[in-house]
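Below are two complexes that have chain A in common, paired first with chain B and then with chain C.
Our next item is the complex of A and B:
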């Protein structure tokens, strides 16, 4: 194997594929990155067997001799990141499985492991559905944060993905909150198709999408129960989660007694301030929604974070309140996380009492809804 | 069979059976007589575990010549005159049964001289009959020699335990009295060898040091407390020594209680002592404790049991509370970091002897005693760098957040610098006096437990409602348990409602449990509740909280970032009792600088 690539391209490819490398793999080869040269391009790939996630990316290269090798991810990445932005020559000594890396006047040798020991990477699928990059990235970002981080209910660590008719729905929940986002797609699914995709893999996909306009090709599950995303020169494939995702439609409140419209950034900053003090009380902060005292007067929302030991913070926001007043506590971090992914100017908060689920969604939009369960404090 | 009145000697033997059941009971009665006679020195000598000879000599007032013969008849006593005296009893004996009972089952001789008389009396008896009485020259005081105990009651003789058992009984008895009467010089000689002696300095610490040995005495904490009875304004004094949590045993036998100088056995007070170690000791472990209770005589009834080992309190709750409070305070004040011991030296000791060698690393085992001196008490408040570095943390569920940017609780540990993590289980930290190994799970459990209890006290526990309603199906017995404890579970933050037969729904969980499976926690709680609750144990609420904290705490095997470890240490430093987890396991081991120096041969 003998190839020449640009340092810039190689560094970028390594940073993309490197995300899939396991922290503490069982086999040494799994902490390596695969390099494979063929057809005027260099494939850079890594796989995480534990998550069933693999990322493969291709960069243009001048290939003199084809070949492949795996090199320790950390060593290779650290080295390439510190090379000059110039041409990098990679030459493999097949006898010793040592890669000679030459860049300008710098010469390094990295000892590798034969590519034959590396797991076989999933091959590119058919690209059954095309979704605009921006749409998919927003959908993922607006749902993954709500997926469960702990795996005591593994199904909740995934994002429920439904193709039905011309609509794609993504939903994630962790037992205390639910985020649902829908979008139109071009292909029509006469038969609904349900998948649960690991949130971790989707987060990688969202991170890789850099071009808003180019389409992401989504390959539906093959016989290996896998899905693949093709984003430009990069393929991300992941195992699906098996099991039944809870019926979230039943959880979304059908009506409310109070609807409050607030400015998103004001609310977000008030929440962040309250959060500083809420840390001591399991992140619980109180929202007091106060309806307008008379016609022409604005309503208000008071947000209070308290710490018995450190002090408190109280913020007052103007709001347009429809319906009765309500006092309700939330995990303020949940609120911050959802507000972080709402780009719209204003949000609506709907509630029907201190122990019933609250709803947060962007104003005048019905493709995103976030349900959040309140907290209650001692009696 | 005709009915007839029993002959006197049979009556005497039956009565003796109540008082004198083994050689140790003879020793007990004779020591009590000696003490009641105001002796300042009591010398006990036994042979063959007391079967062959028991001799108790004192330097008390002695018996008058004309009363000597009377002393061995039943219900003859100098300590009690009328029934009214019983209420205000200050002496150890009063029933007038001891000497007569012993005399009934042995061959006995008494040499005594009353301090006001010139000549003494020498009496020889066999099975209550006086064989000989004569005047002799003798020092003031009384010497009672009992030989061939139970010679006339072969059944009793047959049921005596092994000689070593009897010997042990006697020595523990003598040491108990020595502790109760530190002013009196006790000496015990068994089969010609001195087994124990006290110096009669009046300091109980001197006696305990001799009873436990210097090594173990160093692990004792002084207990000193006082309570007043509200109605009468009289005081209850609790004084004594109790072991550091690290020094404990599998049974309660080393909890020794004295009420007004009388050794007593009282299960509820023993509980009170163990109870005071709540969360410091693992369940099933008990401290080594010696407590002297000073209780107004009218508050206790000692006339309950012939050997007076049990007493009755007018208001047991007051006494219970006084004991528990005094011990608890002492334990909390002195709770010490268990010192690190090499070569798997157990933290607990089962016998009195295996605690002497603590640092057998093979390098300098002969130095073991010196190494023990490394009990440095980390006096809180001595550290000037109380400055805390706050760091920005990214939200990460399950992450330990440093919420104590503004230190308000007093520091209970020196500032510890995190060095690293071992085996994804222990945090290595450095303090001003050496190295600490901290069990991350136990430490976090302790932190959460104190936070939770704190919130509980302020009635500020927080429930996180769940998105979906989770149902749990239970066995009828479990369902009953939940039903019974529904209010307690609610008080802790579980939102649970009955939902049909043996089915419940969970609508909310304590907020700190948000990242775990509430059903599992609930099942664990049920298991625990099913084992039932012994009196004097922790409240159900607390037990539930302990389970909740155990679940919510970081697990062993979880890799922590340096920031997380720092945050954990910062919080632990301000826990009220940072040295043990709520289950009583140690949270940290301390390897002092001295230890390190010695192990590396630098000292």
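Our next item is the complex of A and C:
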């Protein structure tokens, strides 16, 4: 194998594929990155057997001799990141499985493991559904944060994905909050199709989608129960999670006793200030929703974060309050995370009391809804 | 304002309490601790210390040092009761009391009119008279020097008898008092730091003061800046009146190593129940559950897991502990000690869940409260888990 690539391209490819490398794999070859040269391009790929996630990306290369090898991800990435932005020559000594890497006046040799020991990567799927890149990125970002991080209930570490008619629905919940986002797609699914895709894999997909990627091609499950996303020159494939995603439609509140409209960025900043002090008390901060004191007066929302040791913060926001006042505690980090993914100018907060689920959604839009459970103080 | 800080230590506390209950121990060479093959000395009487017997020493070693050693079993109830009574006396003197352990406390007596030495003498006499318990005190302008003064004072007192000593370091003489002492007397100087300091040619606390702060900072980081100040007898930490509970744990050393997973899970269940009960008693909820496993060769493994919400429930603690156990115990590997702990406490706030069945939570809590109540009133053995009733053949 003998190829030449640009340092910049190789570094980018390594940063994309490197995200799939396992931390402490069972087999040494799994901490490696696969490099395969053919047809004027270089494939850079990694696989995480534990997660069932693989990422493959291709960059343009001047290929003199085809071939393949796996190299330790960490060593290769650290090295390439520290090379000058110039042409990099990669020459494999097939006898010793050592890759010679030249860039400018720098020469390195990295010992590898034969590509034959690397698991077989999933092949590019059919690209059954085309989804606009930006739409998919938003859908993922607006749901993955609500997925469970622990695997107490493994199914909740995934994002429920439903194709039905011309609508794609994504939903994630960690048991304390729920995020649901819908969008129209071109292909019509007469038969609904339900999948639960690992949130971790989707987060990688969202990270890879750039503004240049007009569309992402999604391949439906194959016989190995895997799905694949094709984003420009990159393929991300992942196992699906097995099991039934809990019924979430039933927990979305149908009505409310208070609806409050606030400016998103003001609310987000107030939450971030309260969070500084809420850290010491399970991240619990209090929201006091106060209806207008008279006609023509604005309503208000007071947000309070307190720390017995460090002090407190209180923020007062103008708000349009419809209905009765309410005092309610939330994990303020949850509020921050959802407000972070709402680009709209104003948000609505709907509540039916201090122990009932609250709803956060962008004003004048019905394709995104976030349900969040309050915290109860005391037992 | 120059502070007046006392460090009080009840001399050989467990032994002294046992002597109150059994006069025959007065002149005996005895220790308090476990008598079994794996017993450890919890407290050594001053007569026993003459033979080199120390607390935390394996009982077998102690017996080798003095074969006629009298071993008195622990009666923890007595010690905590006496300790509470003593602490009450300290609180009579000043509200600024920081209890460090069952037999040790700091007092800030700055606001009292007399000088530190006189207050210490009066307090010592009161504890001697009221409880017939010996105690030693260190008096200084801060916690660090008061504690070290007490250690040094007790060592000066001679052997065979409880020291019942008072050591005073007058204001302004802190650095001079510390200078000749070995570095290990300083807080936070463990074997590793000592080794690094030795490499710098530092043997005494005074030697440390010859190094500029920048060098210590570079060598030891934040710890280095502490060394710089502590070596000069500077310590501004206040006497903490409410000491925070950082963790709660229970562990058990088996009399013979265990290899049976079912049995060990049953023990984990019992330990988890105990931890849960203490957490609830302290009105705390913890987020991080840990287990401790000690193998035959004494190597110890601790593993922890952070839950997504704080808990005080026996069941939740057990499920986390069991999971850690299953992940970290190679089946068949003999286990010498097993323990369960919880930490990461914050106030009793509960994150409500989307799929919470409010009824189940309430029922669970009611059951838990009833169990706690029964155990409080009739003792730990009253109610057992079904899992504890089954005995393997």
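Operating definition for what follows: the second predicted complex is superposed on the first by the 376 of 379 C-alpha atoms of A that agree within 3 Å, B and C clash if a C-alpha of one lies under 4 Å from a C-alpha of the other, contacts with A are read in each partner's own complex, and residues count from 1 in each chain.
What we mean here is this: a residue touches a chain if its C-beta (ideal position, glycine included) is under 8 Å from a C-beta of that chain, and two chains touch if they have at least 3 such contacts.
Note that the structure is a prediction, hence the values are computed from the model and not measured.
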Partners on chain A (chain B, chain C) - clash or fit: clash
Decide which partner touches more residues of chain A, taking chain B and chain C as the two options. B
With the two complexes superposed on chain A, say which partner A:374 touches: chain B (first), chain C (second), both, or neither. both
After superposition on the shared chain, which partner residues are touched by A:280: those of chain B (first), chain C (second), both, or neither? both
Does the superposition put A:251 against chain B (first), chain C (second), both, or neither? both
Please work out whether A:333 is in contact with chain B alone, chain C alone, both, or neither, and reply first, second, both or neither. first
A:355 in the overlay: touching chain B, chain C, both, or neither? Say first, second, both or neither. both
Answer with first, second, both or neither: which of chain B and chain C does A:3 touch in the superposed model? neither
Classify the contacts of A:310 with the two partner chains as first (chain B alone), second (chain C alone), both, or neither. first
Looking only at the overlay on chain A, choose which of 165-173, 183-191, 201-209 or 327-335 in chain C hits chain B. 183-191
Both chain B and chain C touch chain A; at which residues? 149-150, 152, 173-178, 246, 251, 280-282, 284, 329, 331, 355, 357, 371, 373-379
What residues of chain A sit close enough to touch chain C in their complex? 148-150, 152, 173-178, 246, 248, 251, 280-282, 284, 329, 331, 355, 357, 371, 373-379
So in the complex, which bits of chain C are touching chain A? 307-310, 346-356, 365
How about chain A: which of its residues touch chain B in the complex? 149-150, 152-153, 173-178, 246, 251, 279-284, 307-311, 329, 331, 333, 337, 355, 357, 371, 373-379
Which chain B residues qualify as touching chain A in the complex? 395-398, 401, 403-406, 408-409, 454-456, 458-468, 490-491, 495, 508, 511-512, 514-517, 520
